[in-house]
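For clarity, chains are labelled A, B, C and D in written order, and residue numbers in each chain start from 1.
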Amino acid sequence: MKFVRAFGAGLLAAASLLPFSSAQAAEDTIKVGVLHSLSGTMAISETTLKDTVLMMVDDINKKGGLLGKKVEAVVVDPASNWPLFAEKARELLEKEKVAAVFGCWTSVSRKSVLPVFEQLNGMLFYPVQYEGEESSRNVFYTGAAPNQQAIPAVDYLMSKDGGEVKRWVLAGTDYVYPRTTNKILEAYLKSKGVKAEDIMINYTPFGHNDWQTIVADIKKFGAAGKKTAVVSTINGDANVPFYKELANQGIKADQIPVVAFSVGEEELAGIDTKNLVGHLAAWNYFMSVKAPENDAFIAQWKGFIKNPKRVTNDPMEATYIGFKMWTQAVQQAGTTNVDAVRQAMYGQKVKNLTGGTAVMNTNHHLSKPVLIGEIQANGQLQTVWKTKDVIKADAWSPYIPESAKLKADWTFPWVCGNCAEPKFKM
Amino acid sequence: MLDDSFEVQVDEPAGPGVPAAGSILYLDGVSVSFDGFKALNSLSLILAPGELRTIVGPNGAGKTTMMDVITGKTRPDEGDVLFDQKIDLTQLDESEIANLGIGRKFQKPTVFEHLSVFENLELALKADRGTFATLMFLLKSEHRDRIDATLARIGLADKAVQRAGSLSHGQKQWLEIGMLLMQDQRLLLLDEPVAGMTDSETEATAQLMLDLAKDGTRSLVVVEHDMEFVRALGAKVTVLHEGSVLAEGSLETIQADAKVVEVYLGR
Amino acid sequence: MKILILALLAFLACAPARADEFSDAVRALNADNFADKIAAVETLAGLGDGRAATILEAMSDGNLLATKDGAILIQRASGFTDALTQAPASGEGAEPITVNNRLRGALRGAVGRLGLFSPDAELRKRAAESVLTSPTPESAGMMRRALANETVPEVRTLLALALANLDLADEDPARRRAAVAALRDSSDPLSRGRLQAMLENETDSEVRAAAEKAVSEINFRLSLVSIGANIFQGLSLGSVMLLAAIGLAVTFGVMGVINMAHGEMIMLGAYTAFVVQELFRAFLPPGLIGWYLPVAVPVAFVVTFLVGVALERSVIRFLYGRPLETMLATWGISLMLQQLVRSIFGASNREVANPDWMTGGVDLIGGFTLTYNRVVIIIFCMAVLGALAALLRWSSFGLHMRAVTQNRPMASAMGIPTGRIDAATFGLGSGIAGMAGVALSQIGNVSPNLGQGYIVDSFMVVVFGGVGSLWGTLVGALSLGLVNKILEPYAGAMLGKILVLVVIILFIQKRPRGLFALKGRSVES
Amino acid sequence: MTLHPSLSARLFATDDRRLWWGLGAAALVLLVVIPALNLLPTPGSALHVPNYVVTLLGKYLCYATLALAMDLVWGYCGVLSLGHGAFFALGGYAMGMFMMRSIGARGVYGNAELPDFMVFLNWKELPWYWMGFDQFWFAALMALLVPGALAFVFGWLAFRSRITGVYLSIITQAMTYALMLAFFRNEMGFGGNNGLTDFKDILGFPLAQPSTKLALYLLSALVLGLAFLLVRFVITSKLGRIMMAVRDAESRVRFLGYSPTHVKLFAFTLSAMLAGLAGALYVPQVGIINPSEFSPANSIEIAIWVAVGGRGTLVGAVLGAFAVNGAKTWLTGAAPELWLFLLGALFIAVTLGLPKGLLGLWGQIRRKEVRDA
């Protein structure tokens, strides 16, 4: 008991004092912040990205560092707690004085750190596909915007190869990404002459784990004699029970294909895919793509994580591209000063792991290729369709009337993330 | 007399016409059962104002249950419970009943262990029970005097600031009685007030009971096993058995009663 | 004899294919766009060549490969064989021929149609079923031929139905009417869909009337089905909640420990299932993999039982009589267990596969599928509850346990080793939670947060049912599940859940101690 | 309100003079020293308190107020509410709605009337329950009244039907859980999962400015102090003693003629309003409010702060809030992989070793000193 008391007391005494001891940054290192949840609900997805950044840092240090300095990763755990995200972001920028931050997964975490980055003029690299409708001066979005995922996927399903789908189920978790994506898709589908009664929209809570009713409804909806497909924006955690129910209720991919935007190799690794063969996913990257860069990346990853079974996925590529672009921009600018680096970022090119070249546009979003793949029995996604060329991300969707009139361009004369007309007159 | 009874008839809810006239407490045909076990079996009992009554009976005779019914802790399955001739107690909850002027001391002394003796009495002190009134309550000198008087009367004057939890069993009994006094209720129900007391304490308690009864403003119902104590009180005795009245009368008469001897004294 | 004739007929039915034509078609399977591949599949199926079926099946399973020099190989566990010559070949540099959904559909149809002429009645039945799901006009002629010389009544009806589905689009109104008549007593939503599609541009008033009548009849049957489905789903959800809650009914309900680490016990159970599965995959022949689940259940029980006992002895036993403190301590424990699992197994989901005997389900009428894993869980859940009830009622351990929880000092006075009973009781509760975890790993995901998803609901169930009453837990869980599922279609998943919570809150007003409260004077004060 | 002299006398009269010295010192540090060290020394100097520490402390101060509220209802009245996060969050939403409205046409879609999330979810006009939140006084009032009203109705239902102990805790948990799910729904019109964010300024002071943050911090410190005095006023009153009596022997209180229902209802409602106030101060400082604030886990944590600090001692609640959150801040940065182990261990250690919480530990040390001296 005595020991326990002492322990408790000691722990507390320390705890209550230490947060305020500000760490002294060593002069010969460049610090980058890693702001991914390592605990709580989002740890499932975000931990991988933390490791990816560490791998990239490790890699660049092996190659002699950046501007002759070692790069040091400062890892913190915002614990899937949104206010904590803001607190940690502030800590990274003010206390640790990091040159750039790689982090966030959910939109709400990004929204929560946004004011911090804008106030302290930090630089955040956000590596996840998201709903768009944003372009901050202090954020570079390396994940897909809806027009780099949703629209091409629907186009494919409407094509002959996709099975000429006539009837659509838009199923998503009830939060901003699915809401926005479905809104865009609805507008798009109607513009393609799909009737309102041929679109079924369904929202479910986070971590929803009883899909019996909904899957049954989808089955009913699909039995109306027209070719039907499900566009799933269901959030990570709820996918496993969803797909298990799908498989068990015997929905075959060639009858009612499900195309998902939030299910990649990492998620599939947690599901038994035997019965899901043929269901689709739309991404900018698949692990299965044969390309020298990709093979190298996969090898490097497996080596770094010391586990030959680990898979790679799209957000990892987005992190990879973001990190590479940042290092290139830093070298080009010759400094880690945020404003200088930001200018150097525009037009920065990095080879995609799947071939082609990703370009950072002046709306702080990337141009990337779009791939559509079918789930294989081995948990991989095999490309069945691919855009001829890279697609430029729209920060503001033309299918949402309010945002159609907005433009994001951070170069002269616009210099603005959401403007109807340029900031400066020529 | 007649119109009295008539008046009662009117105010009485459905109940047999036995008049409650002139009673402070009136129980008629009260029955209570827990999961089939009949704790009270059409118990009837009438208490006159200012009367001191002792109730005896073997364990499980329903003494405590009777008190629960009177104080609103337990709702009777059937029967009437009237206070002061016309107030139907079965419709009220504990605090309302307490505010009518019925005080109770429990078999197992229950005082507020974390509060001081003084504070225990302060809470019992007759005053506005409203939430905001208590929030703004200030202890006036006359209150202090009453509390000190009571402290003296229950012989805890020197323990005023002690936490009630630290008192001995007997002292807790006294404190609880003191709390009853502070409320100055019209009807006092005391469940085994001398349990765990020394003989001298018991005598003192008996004296206290008699004092309380003397001026005729209060009525007391005392449940007790201790025959010495009962004798010392020298009051009318009611014998409960299996939830109903077995016999009633002076200690001598009931001790002579064959039934009583059989079920109770016949140990 | 008959079969021989059948085969013969089948053979005559489609003129024997010339060899080169066949091999051309096979090579065409490796065309560079899906449209050509599909064309090749259709021709190949049309040739009615015996070898076609195996090749097409291989293709739809992704076991058909093409070499650089255009040879088509079939991949088998045994090795590679040439699709045309059946001769063994080397798979050097052979790439699988990519298949997509559309092609898969075509393949399934083709294989099905080929199956229609198989001498094996069972094969023919399955073929007929598959054409029924996706009858294509081009297959109509074939089906008529098959129907003409089909003898097994089952298969006949299936074929007739399939044909009826096609005839809905026939020019001849008489045929259409016949088709409607044939479909009218089916309860297949697909047929209804086709009827409705037909109604959109049906001219013949008579056929129209018949079709409308048929649709309304089918609708009626389907609505009945959906009610039944609703009840099943409710029971299934209820049994899941129950399974998650039983353990808590012991640790919290019986022992009064506000066990916030209950969810983590479930989680540990699920991870045990994962580990057992991996061991099976690693060390046992693939044939036995289906058995990992029955093995995992007792293992999980033992593991979580031990964890539970360890926790009880090291932490909880110091906290009896201070329920709120148990809440804080167990909360701490749950944090640590989550992080422990995270650092051992990693943060991401782990794959726990349903064994084959728990995969899929039986299609009852009206497109309602009774999924095996749900059924198994319902049964398992009831078994666990029954076993627990029996243990508590009849075993001496149960007797001691009740004695200790009801009156500790008296029990110890009677020489019952209260300490050991406490440990065992808590272990029991944890063990049951562990077994629940194994079952829940079959429907949900296995991640360090698994437990968090169940803890709140579990407490709701136990409190709603009445603390300390297993019977209450049972009724509570099932009724909550049913209410939830009955609300869901109208209110939606989210609002449904909210309403259920409101119901609980209001219900507790009426019965402050739950559905099956313990009565008597003892609980009053 | 003007206190009757002897009432105020009662409030400040205390057996333990150390308490007041301690509180005075704390007030001095929080209200004078820290701001001074933040403003005067040049950034980088050893003495300088950086801005992020100020915002951090501001956050803790709100948590501390919340913990006080919890201690009133749990520590003194024996009602363990596992739904106090809900009252906190409601207060936060009220303030968030005000700041949302005051963004006005500066939102991305430049809609003066509707917040952005409503614009792109095709809301045509403002829902009725958003009316009035463009007025600060109204929002501030709602930050108190909405939690208060909810607590009053909920408490009235619960206490009237004598729901006690674990049952009460669980249904309060059900309440906050239901509210969380409700606020997650985008149809509710509170921004769904993203909640309310992108705030620009409060009463015209840009939130980005350190001076605004410092002001908010000072305000939080002030509110904490006032809350402390208010709660102390309550618990030192006769009502306070009745609360403790209810905590220790509820049924006995009834036989004294008091109504535990009313006493609890008072404590619960007051506590909820304090929580709401804390929430209202919290949101402008963290810049976001979203449904996860309603999550049952958060409410449980509040109870844990109080327990760690020492239940039934107001100072302990404040101490606990600072200690646990300080530990969290430090460990999530210093030991991101291990912090859950340490925090978990802390909770277990406290419950096992320090049943009276940190304050109890302090008391023990003091008694030891006395003995040794």
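One rule holds in what follows: a residue touches a chain if its C-beta (ideal position, glycine included) is under 8 Å from a C-beta of that chain, and two chains touch if they have at least 3 such contacts.
Chains and their UniProt names: A = Urea ABC transporter substrate-binding protein; B = ABC transporter ATP-binding protein; C = Urea ABC transporter permease subunit UrtB.
Since the model is a prediction, treat every value here as computed from it, not as a measurement.
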Neighbouring chains shared between chain A and chain C, ordered by label: D
Farthest chain (mean CA position) relative to chain A: B
Between C-D and A-D, the pair with more C-beta contacts: A-D
CA centroid of chain A to CA centroid of chain D, Å: 34
Inter-centroid spacing, chain D versus chain C (mean Cα positions, whole Å): 45
Distance between the centres, which are taken as Cα means, of chain C and chain B, whole angstrom: 66
Euclidean distance of C-alpha centroids - chain A vs chain B, Å: 74
Sites on chain A at which at least two other chains make contact: 38-39, 174, 203, 205
Chain B residues counted as touching two or more neighbouring chains: 73
Shared-contact residues (touching 2 or more other chains) in chain C: 338-339, 452, 494, 497
In the complex, chain D residues that touch chain C: 80, 157-158, 161-167, 169-171, 173-175, 177-178, 181-182, 184-185, 251, 296-297, 300, 303-304, 307, 337-338, 340-341, 343-348, 350-352, 355
Footprint of chain D on chain A - complex, ascending: 1, 4-5, 7-9, 11-12, 14-20, 22, 38-39, 75-79, 81-84, 86-88, 90-91, 94-95, 106-108, 111-112, 114-116, 118-119, 133-134, 174-176, 179-180, 183, 203, 205-206, 400, 402-403, 406, 418, 420
Of all residues in chain A, those that touch chain C in their complex: 38-41, 43-48, 160-163, 174, 203-205, 207-210, 212-214, 216-217, 219-220, 223-226, 237, 239-241, 244-245, 247-250, 253-255, 257, 266-267, 269-272, 274-275, 277-278, 280, 374, 376-377, 379, 382, 384
Contacting residues of chain D [partner chain A, same complex]: 49-53, 55-56, 59, 108-111, 117, 119-122, 181, 184-186, 192-195, 197-199, 207-208, 286-288, 290, 292, 308, 322-324, 326-334, 336-337, 339-340, 342, 345-346, 349-350, 352-354, 358, 361
Chain D contact footprint on chain B (complex, rising order): 71, 73, 93-95, 98-99, 103-104, 106, 110-115, 119, 122-124, 129-131, 134-138, 179, 183
